[in-house]
Amino acid sequence: MHAAPPERPFCEEELLASVIADLIGDVRHVAVGNASPIPATAALLARERGGGRPYVSLLQSRKHNFFTSGGVELFDCAGQGRIDVFFLSGGQIDGQGNINLVNIGEHDKPSVRFPGSFGSGYLYYVVPKVILFRVEHSRRTLVPKVDFISAPGTSPDHVHRTGGPVALVTNRCAFSFDRARRRFRLQSVHPGHSVEEIIAETGFDFDCPSDVGETPAPDAATLQTMRERVAPELAEVYPRFAERVFGIACGKPASRAVSA
Amino acid sequence: MHAAPPERPFCEEELLASVIADLIGDVRHVAVGNASPIPATAALLARERGGGRPYVSLLQSRKHNFFTSGGVELFDCAGQGRIDVFFLSGGQIDGQGNINLVNIGEHDKPSVRFPGSFGSGYLYYVVPKVILFRVEHSRRTLVPKVDFISAPGTSPDHVHRTGGPVALVTNRCAFSFDRARRRFRLQSVHPGHSVEEIIAETGFDFDCPSDVGETPAPDAATLQTMRERVAPELAEVYPRFAERVFGIACGKPASRAVSA
Amino acid sequence: MAAIRPLDDALSAIEDGCLLAVPREVSGVAMEATRALIRRAVRRLHLVTLPTSSLQADLLIGAGCVETLETSAVSMGEFGPAPRFTAAMTAGTLKTRDATCPAIYAALQAAEKGIPFMPLRGLIGSDLMAHRSEWRTIDNPYANGDPIVLLPAIKPDVALFHAPMADRDGNVWIGRQRDLATLAHAAARTIVTVETLHEGDLLADPTLAAGTLPGFYVDAVAVAERGAWPLPLPDRYPADGAHLAEYMKRAATPEGFARYLQDFVHARRAA
Amino acid sequence: MAAIRPLDDALSAIEDGCLLAVPREVSGVAMEATRALIRRAVRRLHLVTLPTSSLQADLLIGAGCVETLETSAVSMGEFGPAPRFTAAMTAGTLKTRDATCPAIYAALQAAEKGIPFMPLRGLIGSDLMAHRSEWRTIDNPYANGDPIVLLPAIKPDVALFHAPMADRDGNVWIGRQRDLATLAHAAARTIVTVETLHEGDLLADPTLAAGTLPGFYVDAVAVAERGAWPLPLPDRYPADGAHLAEYMKRAATPEGFARYLQDFVHARRAA
């Protein structure tokens, strides 16, 4: 096993995975939906660091997916309180944490149609820590008010809700979500980005502490774990991603340089 | 294959199975619960006569039981309308078709306790043809009013009910059940028994036509089918019964005489 | 109960206007059967996907077979948005009943259990609710002031899917893909295509029986080797990525999609 | 997640007063574990049977372990009524919550799905309803004047059952006995005894995986060879009819039952 050379830079995907791994924290079970390579990287990274905890279910994987009772088992499992962390995204996300996976414009004849709400209309309510993840941070994606609420960020107190958003991670920054105040708060700015840029590129209001810091870069141990232990596991489910980001082909660690 | 000698008498179990097989009629699917050897004989007899129709599920059998989704599948299957005939019994049965599988006396400290209601509190409502079967025909079992209603014979019109009793077969006679009038009607008297005896031994009122006939004895073809084709199948599930009634041991047709 | 039949014959129960339920990509999608339906020009389907779909819904929509689509999502996954679904939606020519995954499971499980509705957490305050007047909110009778949504049963006329194998009695080995059992239990009729026929009784061996849908629920079985192509069949073959990329390229325009149908759907009839 | 542990250690989660859920005879009953619980003199169990029981409930009741029994039936089948259950009932020393089979399935499935209740047809007008104030009747909102019963979820503290095999990750092969998955999904903790350990990963092979309960749901596994004895384990061994007949003879009286416990429960500790 070759150690990562210290001069090897980290790429954006590695930074985001590292940020998300920190957000996952010490939990029992993280589930990752389809087409989510960066959250999957983060979950596997958290597992490597935790010596096998949390248990990670990659829904697209044969190997990292224990479900044997059909697709409903994921939702039943969440309903049982056995999924602690899940990831959601949105074609639009607004400042109240509402997410839109359906359409822009009129519902019956929209100007833009997204694939659909998937499990969000349920999982957003019952998974304690939902981490919102949207790489593209722009006024197009982060809007004042979503056109269609696939799932709301918060619910009135009398509505059964054991889960909801805890954070939103983009290519520019990480927000935390304050459920009581129903608002995002800028938590850290990724290296190379600025608070001013984030204000300019965000379509919704958010809390912006005066002392907001820079997102910590992944340390050498984190990068080594990701590249040497996580990347080969990822290659089963996200071969293109594993190759592009980590230079992994055919499930084997790569020897060639990784472009950052 | 040896033909049944014409002088060979039929026994009570054969008569009852023959009566029940006639009641089953032309249906798609008959399910038979646990500890019901005579109904099981009847169902398999109906299937042999029908050239494979109805499909017969013997819930106690490995072979004659397709269920692969656990015990709930029987009830789901009934809820889907895929079970046409089922058999129920009762520690007590009353003249309104109510059945009692729970207790006699007070519920919390009964004088007699039966095993419990099994699936009756559901299946009696949703299986179109429920055939009640109770060998012991006495004022102890056939009562004016059951002490505990595990499942009622009829329901008010506004209650969803796609099923219910069609008949009651005992060791003395066969009753039909008139759902509109919520009463039994004496349908036929088994050979060797009389209407007077039945009135004397029945704890509830029932309709008794003046021209009630004798239950037809199983014909030679029926007896032959039961003894040669049904009995060996039965032996898997009811080995003691198959041996006692049909002289079957180890799943093979017997050559010794059957005591009637 | 099932008979082994030629594909077109097996599909005869799927009539114009019927409520057709199909599984998600990973469970086993009957793509060869889908092409046969398009060749037959089935129309006005009410298509329910358990709970999502990819190429199957996109093809049926593009070919004009679908009137109403009930789904939690249609997407070509890593290949991007489903082109004909997206085009039909933005043109306003397709009615959708947008759902969330567990709502479709719950509604089909209600049919499976013969109950008129199933409760589900979540949903309250979403615009999914706003567009579904048949999803009712009641007060949970076991708590104070606790609203919960009830979803009415979905009872498909026909369920259609693809599986690795079936035996002569129509027992179908579905393995872990238990969504397929839910579909078959919920639907009035079930049509299955399989890779191969299994000689022997799938229910006789306890290990195989554990993953077997009884033929009792199956109305017709047709053999269609590589019948999920170009989609994957779990544990058997992967998706044909090159073909899906080609599809994405062609289906980006109505003309390209028409050529795709000509080359890969209609032309295969003669083959 | 599961560790392979000695039997008594594995059973430590079953504390006095806990809501313990167990399967019907045909699904795999953990009889060796039941004897260990009686040796440990567990008390005040709320025992839920999915949906019926035979020797297991009768032994636990006779040994004074059960305060409340929730069941659709306790019976020794062809051997006759369950003697200690019947004696306790007629003596008025056992509380029962009489149910009908699908009601117990529905209540456990509600817990499995994380919903507060499940609807079920039937029940209306029965005395089962009359004794269960927690079973509520509502008007089906999808019809006019159509009452339907709601059953609140049953959430067991512990599920306990016996299965043919488990692997080192605690994955348990249950085959067609999917009741066991329902129990494990619904319960906060699950304890499983198995005939043997399987070398290798039960989830790795698609055929075995189809009948496997993931170790994710299993808190402890103990090996107990012939652990269902004298009850049957489906596809493995039949019931020990001679022993059950002996049980029926002895358990007909309190004294005979005490001798049975001495000979077949307590004496086995030393063995």
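Per-chain numbering from 1; labels A, B, C and D assigned in written order.
Throughout what follows, a contact is a pair of C-beta atoms (placed from the backbone, for glycine too) under 8 Å apart; a residue touches a chain by one contact, two chains touch by 3 or more.
Just so we're clear, the structure is a prediction, and the values are computed from it rather than from any experiment.
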Seminar exercise, completed: Contacting subunit A as well as subunit C are chains D
Problem set entry | Pair of chains joined by more contacts [C-beta pairs], B-D or B-C | B-D
Exercise. Which chain maximises the distance between its CA centroid and that of subunit B?
Worked result: A
For this session: Could you give the separation in Å between the centres of subunit A and subunit D, each centre being the mean of its C-alpha atoms?
Result: 41
Exercise. Cα centroid separation between subunit B and subunit D, in whole Å?
Worked result: 29
Problem set entry | Cα-centroid distance, subunit A relative to subunit B, in whole angstrom | 60
For this session: Scan subunit A for residues touching two or more other chains and write them down.
Result: 67-69, 75, 79, 126
For this session: Could you tell me which residues belong to subunit C and also touch two or more other chains?
Result: 113-115, 120-121, 140, 146, 148, 176, 181, 209-210, 234-235
Exercise. Okay, what are all the chain pairs that touch?
Worked result: A-C, A-D, B-C, B-D, C-D
For this session: Spell out the residues on subunit B that touch subunit C in their complex, using ranges where they run on.
Result: 29, 55, 66-69, 75-82, 126
For this session: Would you pull the subunit D residues touching subunit A in the complex into a rising list?
Result: 1, 111-115, 171, 181, 185-186, 203, 209-210, 212-217
Seminar exercise, completed: In their shared complex, subunit B is touched by residues of subunit D numbered 24, 26-27, 50-52, 71-75, 77-78, 81-82, 85-86, 89-92, 95, 98-103, 105, 109, 120-128, 131, 145-148, 176-182, 234-235
Seminar exercise, completed: Within their complex, subunit B touches subunit D through residues 34-35, 62, 67-72, 75, 79, 101-103, 107-126, 148-152, 155-156, 158-160, 240
Exercise. Of all residues in subunit D, which touch subunit C in the complex?
Worked result: 106, 113-121, 134, 136, 138, 140-143, 146, 148, 150, 152, 174-176, 206-211, 234-235
